[in-house]
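Here the chain labels run A, B, C, D, E, F, G and H in written order, and each chain numbers its own residues starting at 1.
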Amino acid sequence: MPLVGVVMGSKSDAEVLQPALDTLSHLGVEYEVNIISAHRTPEKARQYGITARGRGLEVIIAAAGAAAHLPGVMASWTTLPVIGVPLAGSELKGVDALYSIVQMPAGVPVACMAIGQAGARNAAYLAAQILGLKHDAIRTAYEQYRKGLQGG
Amino acid sequence: MPLVGVVMGSKSDAEVLQPALDTLSHLGVEYEVNIISAHRTPEKARQYGITARGRGLEVIIAAAGAAAHLPGVMASWTTLPVIGVPLAGSELKGVDALYSIVQMPAGVPVACMAIGQAGARNAAYLAAQILGLKHDAIRTAYEQYRKGLQGG
Amino acid sequence: MPLVGVVMGSKSDAEVLQPALDTLSHLGVEYEVNIISAHRTPEKARQYGITARGRGLEVIIAAAGAAAHLPGVMASWTTLPVIGVPLAGSELKGVDALYSIVQMPAGVPVACMAIGQAGARNAAYLAAQILGLKHDAIRTAYEQYRKGLQGG
Amino acid sequence: MPLVGVVMGSKSDAEVLQPALDTLSHLGVEYEVNIISAHRTPEKARQYGITARGRGLEVIIAAAGAAAHLPGVMASWTTLPVIGVPLAGSELKGVDALYSIVQMPAGVPVACMAIGQAGARNAAYLAAQILGLKHDAIRTAYEQYRKGLQGG
Amino acid sequence: MPLVGVVMGSKSDAEVLQPALDTLSHLGVEYEVNIISAHRTPEKARQYGITARGRGLEVIIAAAGAAAHLPGVMASWTTLPVIGVPLAGSELKGVDALYSIVQMPAGVPVACMAIGQAGARNAAYLAAQILGLKHDAIRTAYEQYRKGLQGG
Amino acid sequence: MPLVGVVMGSKSDAEVLQPALDTLSHLGVEYEVNIISAHRTPEKARQYGITARGRGLEVIIAAAGAAAHLPGVMASWTTLPVIGVPLAGSELKGVDALYSIVQMPAGVPVACMAIGQAGARNAAYLAAQILGLKHDAIRTAYEQYRKGLQGG
Amino acid sequence: MPLVGVVMGSKSDAEVLQPALDTLSHLGVEYEVNIISAHRTPEKARQYGITARGRGLEVIIAAAGAAAHLPGVMASWTTLPVIGVPLAGSELKGVDALYSIVQMPAGVPVACMAIGQAGARNAAYLAAQILGLKHDAIRTAYEQYRKGLQGG
Amino acid sequence: MPLVGVVMGSKSDAEVLQPALDTLSHLGVEYEVNIISAHRTPEKARQYGITARGRGLEVIIAAAGAAAHLPGVMASWTTLPVIGVPLAGSELKGVDALYSIVQMPAGVPVACMAIGQAGARNAAYLAAQILGLKHDAIRTAYEQYRKGLQGG
């Protein structure tokens, strides 16, 4: 049963998010992936958010570019932690997505990551840090990864 | 029966939006005003959007600051034209709201206005231009206003 | 008889605007296209604006890059709704065009879209939303399009 | 025993962070507060990070302005989740702090919040969401808060 | 007979432009001042531009804030040199006006000055430099001013 | 005898400036070209500025990227009108050069053009506008060019 | 005999620079202060730079706002290390000064500090670090200061 | 024995930094190079900083992209002068790195260079200027280089 739900606005975002999926796999974190648009399929976004906790998810990773409302919309429909990854697809190179994701109003936070692939990978690492508070194997896996960096 | 629905994220936005309301009144356009948060009251936003056309609304004006998802969320739940007004409440002085509103993905547009009071007033004028295509009195009222500027 | 007048500053903008034209065609909206520069051919811009409503146009879509005065100049000569599309041709990648189009002074609004192709396509969708208030076939076509997205 | 460690770069940041502390209290989350500078007291930062998990902390909230290295430095010394709050103290009004906090390299994430007080409050809410995965009382408290917003 | 035509978008710009007028007076350059809006009074702008050279003007100084189309519009109707002064009235603090004025397309230049009062004063000095090529008294006055700075 | 002195910071800028030279030639304006660096060859810059008017120059066009001090330094050594062209060579894509050139302090103006090739061409057109106040053939040539645009 | 030469573009900058002077005094570094404008008094700037090393100066601190050419101009006339402090006097709040100072071309570096008072104080600390390589008392004074921070 | 310690966050930065190394060699300055990450290997960074002066280093050049904490972290562990080079690796093209490096808080300065290769080369030249105060051969070598530019 997946602990992390990864959602992205369009299939074209899959390549940038692949490092997040690889990282989750590498750390032994089960996840699911869905294509959901905050604007084109708002009902699908709502159903996803409303049912997320009940289906056993503990963290949601939402990636989007341009106006990038997906992480915030997801956060509006759930009380699970939502990690947002701003993507650089538009002419504004992700500054638009960054501002849309990070500047959430008080009450409904989104944990914003760096723009693009570094942010996608870190979304997985942050999910592991969060899940590691409760799931020992995940904490151990992330701590192993960090120890491995020391030699680097 | 109101033709224009004005929605804003919080009561604290009312002062900046007052010029929009005054302008609508001055042009003889009936309107209603609601406080709706895209993130804190997403179900209220959804109901508003889904029922808007059926209740006779023809244009929605949505104002928001910071992440400013309200105009886009409203547009996701209706096929009526949505006019977005970015507000300058955050430390980023409205650039965040501007990017969140103007950079909507293809398929679900929002008509973005200037940041702050100039944008609020222009939201009303744009609503009048749109409604004027169908409602002669509104077109005439806006054309009178523009003629009046010639002396300025 | 065209309902939408599409104007652009130079022939080199045609490629970016093609999605707008395709979208209008797909929604069954008749349109015309003209090359008009706010600065190089101001009299042509003025004539276009002054005669637009009389010739049956109901919405103007104006696209421009860099200083991007075309949408605002068009709006100064007509009381029809003007939709502005900022293009990314200059070294500033469309931020210049965005600010020039969106920051219109009170009284003479321009409905600003996203920078580049997403904005071009949305200009057509917004035109359809506006025209759909009066023309049932266009409203139905846009609603069909939006319903089609639900499956996406 | 505190679950959340709140650290800030200087005493002058205390006022902006007060809403975070109030929010944690309101949600029944125990916390501790320390003044630690990434640059002026790096050894203190190191000790704090290295001992954090052992002392029972589960989440660190780090706030800083200008170069704003504190959240990233804290994250370099611990594997606990670190939430970063960019402050607007410098002439760049927090854009500097935002970029310094959000653009962390792959491997060592920081969960970035909005600039200033909205971000400070959301750091507390995100901490509650994270802790709520494990601590039922905190989850319930946050869910109550969110339900309370529905009437708003 | 005035050699310099100073135009501004609204009466509220007069205070920022006063240093330009004082500087012109101090250098012995005759000027006239008009309130003209590129968007609200486009015909007035056109008449001004078309008749400018014939009325003896040799340089136009145009100041505007926000979308700031006035200098470019003026340049579109005349072949006289146009000096543009971006004003900081909007929430974007003049960056919008700067980009709108400086990023003119090839063929129709505007000489852009700094944002605000420094730019206003320099518009007058640049006008004096330009006029000084032909009018010895003005060149001498500006050279005297520059010599006077050496002691500073 | 050249009326316009074109200076650039390095040989690598020559390609971007070629349109300026072509435009000057096309309008029948004699010019000279020099490579001068404000920072690497400050004495050469000083000599150029001090002797410019005496050698018959009436306008200086200075192009530079990055810190882009050349136009301002040139203006500090002469009272001739200086036109500045910001180039986009650095990672900041010319925004650095734009700010360095346009934000000159009161007393010593630089007429700033658009970033890159459009700005380079307009530097030549502005030079022609300025020179045209005194040299009828140049005024006529520029007016011919502008008339030719009307057909465009 | 002063080791550090502090230069600023105008008397109005003195207040922002006072912390730099206080810091130099506190560390026992002798200094001199001069008002020099890169643009209004270029010959004074040149003489200062050319004679600096001969007069015993070992570091120059140059502060300026807006186009902020003073540090770069100073660096063009000397081979001593030049520390630049961008000031926030203009409407662009020091971003203009920052870009003008930091983006120096290869060959003639300026050591750029933070915008405003924090940068002014750090210019003094950096000067002390540099001088401390050669002057033991200054190194000791700075090391004492840093040790004192540890208790903070 | 090396006088300059060059550190970079990752091996992928080596190519951008090569000009700095070539410049140091050309000026006869001995240096060493290390890969150290402020976040992934904080203990290595600490050891490097703490031992730097004792090992004979006199200047540290630290280059980093994105959040770019390396120069500031290095400065927190040493009292030697630290020169920071912002790299353009992220989607924000080095503006993030620039702000993270230049906006250091009072007390712990970093001498910030231009973004990318120009900054890398200037880091070497600034190191030579600093070392030249004490080491005559290095001063002479840099002065020779600057004299050589005069012919350029």
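We adopt the following convention: contacts are C-beta pairs under 8 Å (C-beta built on N, C-alpha and C of every residue); 3 or more make two chains touch, one makes a residue touch a chain.
From a predicted model like this one, the values you see are computed outputs, not experimental measurements.
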*Could you run down the chains that neighbour subunit D and subunit F together?*
G, H
*In contact with subunit C and with subunit H at once: which chains are those? Just list them.*
A, F
*Count the C-beta pairs in contact for F-H and for C-E, then report the pair with the higher count.*
C-E
*asked:* Which of F-H, C-E or B-E has the same interface as D-H, meaning more than half of the contact pairs match by residue number?
replied: C-E
*Please work out the Cα centroid separation of subunit A and subunit B, and write it as a whole number of Å.*
31
*asked:* Taking the mean of the C-alpha atoms as each chain's centre, how many Å separate subunit C from subunit G?
replied: 51
*So what's the Cα centroid distance for subunit A and subunit H, whole Å?*
35
*Going by the touch rule set out above, which residues of subunit D reach two or more other chains?*
37, 40, 66-67, 90, 92-93, 95, 102-105, 107-108, 114-115, 118, 146, 149
*Touching chain combinations (by label order)*: A-B, A-C, A-D, A-H, B-C, B-D, B-E, C-E, C-F, D-G, D-H, E-F, E-G, F-G, F-H, G-H
*Name, in rising order, each residue of subunit E that touches subunit B in their complex.*
35, 37, 40-41, 43-44, 66-67, 90-93
_Partner subunit D, residues of subunit H touching it in the complex_ = 9, 37-40, 42, 46, 66-69, 72-73, 75-77, 90, 92, 95-96, 99-105, 107-108
*Partner subunit B, residues of subunit D touching it in the complex*: 88, 93-95, 114-116, 118, 146, 149-150, 152
*Name, in rising order, each residue of subunit E that touches subunit F in their complex.*
19, 58, 79-81, 83, 98, 102-109, 111-115, 117-118, 121-123, 125-126, 129-134, 139, 142-143, 145-146, 149
